[in-house]
């Protein structure tokens, strides 16, 4: 299953891709693509009350899930289309807590290397004040 | 905020802990603790339709989120109580796809080392046929 | 370049493999294979003075390099021969310091999954007293 | 044991630090610091014959060991002095093979976050042609 993207509206077509292929539980994160030039894709993750745990900060699970989702979209943007792929490995470091009232995080997904069968990426998470709160590196297999 | 656990019913008190402190979006995963002796905690993750993506397999995001959640519960079991903690780092490898009809996965969380300020753990994911489908290693900071 | 292994003497033929293909700087670690049944390979890493840093403990760099080496040998044992392969990713957690007088560490390399093009493994490091001091998880590409 | 650095010659004093505290086997890598402004430290790793394995490319073990070493020096530069620290975790991705005749690699170590007890960093490896060949992310504990 390959799904073409509209090169004149990469952000919009990536949002529609997520709507089409994303698991319902993942779509509930509310991630939106704000910009993409193919190699670098920027997303917005709203820090909604549903993502906040008893300690009053955004749960790390949202960071993990958003990193993986960002990479699927960023890699699709880099390919110019969605093609079947699978996460091989994802490593995430949590640098700072995200307060419940942070509003939204900005995610920047960069494709570091795209080979024939493997692709590598980096996803960095920033607050509105541009503080780096988390960083993920990941390997994908292109099927 | 410390929350005591009932040593005569660790699984039940870990489930109630998750209900009490887990973010609503994480609780929607439907994770349940099936056994715990303190050092090793076993959980059940139902592969519900909400977790399945367009490729017809369980989304990796559920694996990532469940690994992090399993470690919070497993580390609490090891401590005999919940105390504030934060994920420092989580690395997950995806060994095999999980089919949509897999039923439920069994997670085994082992605390590898619990120091004064840092704790290390491993979370392995198995199908009903005992196939290892994913493995996560993680570092937590005890606050 | 494929190199056959002697199934009647896996440890000996893995040692000779390392001697033949290992970089000189890696061979200086002094790693030796003590046992292998194909899926699980055990090695011995002597904690020599050359591996001890100014803080009086074994340097983490030796752990990292030994983990990668152990996986090449363990994966070759699993394949029954050496074939070209490359490390995709290696994640190592350092659980406890290794004192300069630890003698030797025991490494246990387990192949968690061997697919057609990717293989996953785990390498655990133990002291003579059976304390887990480090754990690595890794992904390899078979070329 | 704290060791001061000379702020008027950070690269030279980091080289002397490595000479003083580095394990002999690690010093044999021949790493040199070429620049540092405290937050970003650049190093040079010569691709010597001792680091090349039977496949004709630089061994991944050298990448791993150099990443860890770069972070010790980069974090010391950020602190303005060496203080006891220990690697908690190091994750490395290998993006491209490094040919035996690559000459030398350029490593860029960035301290992403330095807290009271934990520090996070990133080490990127480039060829002379500025190709990214490896990337490491790491967590350190300040003792």
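First chain written, first letter: the chains are A, B, C and D, and each begins at residue 1.
One rule holds for everything that comes next: a residue touches a chain if its C-beta (ideal position, glycine included) is under 8 Å from a C-beta of that chain, and two chains touch if they have at least 3 such contacts.
If you're wondering where the values come from, they're calculated on a predicted model, not measured in any experiment.
Undergrad: If I rank A-D and A-B by number of C-beta contact pairs, which comes first?
TA: A-B
Undergrad: With centres defined by CA atoms only, which chain is the most remote from chain C?
TA: A
Undergrad: Nearest whole angstrom, what separates the Cα centre of chain A from the Cα centre of chain C?
TA: Taking the average C-alpha coordinate of chain A and of chain C, the gap between them is 34 Å.
Undergrad: Express in whole angstrom the distance between the two chain centres, defined as the mean CA positions of chain A and chain B.
TA: Comparing mean C-alpha positions, chain B is 22 Å from chain A.
Undergrad: Whole-Å distance, chain A centre to chain D centre, using C-alpha means?
TA: Roughly 29 Å separates the two chain centres.
Undergrad: At least two partner chains per residue is the criterion; list those residues in chain D.
TA: Only 88-89, 91, 93, 139 qualify.
Undergrad: Which stretch or stretches of chain B touch chain D in the complex?
TA: 88-89, 91, 117-118, 139, 141
Undergrad: Spell out the residues on chain A that touch chain D in their complex, using ranges where they run on.
TA: Touching chain D from chain A are residues 91, 93, 95-96, 112-113, 120, 122, 132, 135, 137, 139.
Undergrad: Sort out for me which residues of chain D touch chain C in the complex.
TA: Its residues touching chain C are 1, 20-26, 28-29, 49-55, 58-62, 64-65, 68-69, 84, 86-94, 97.
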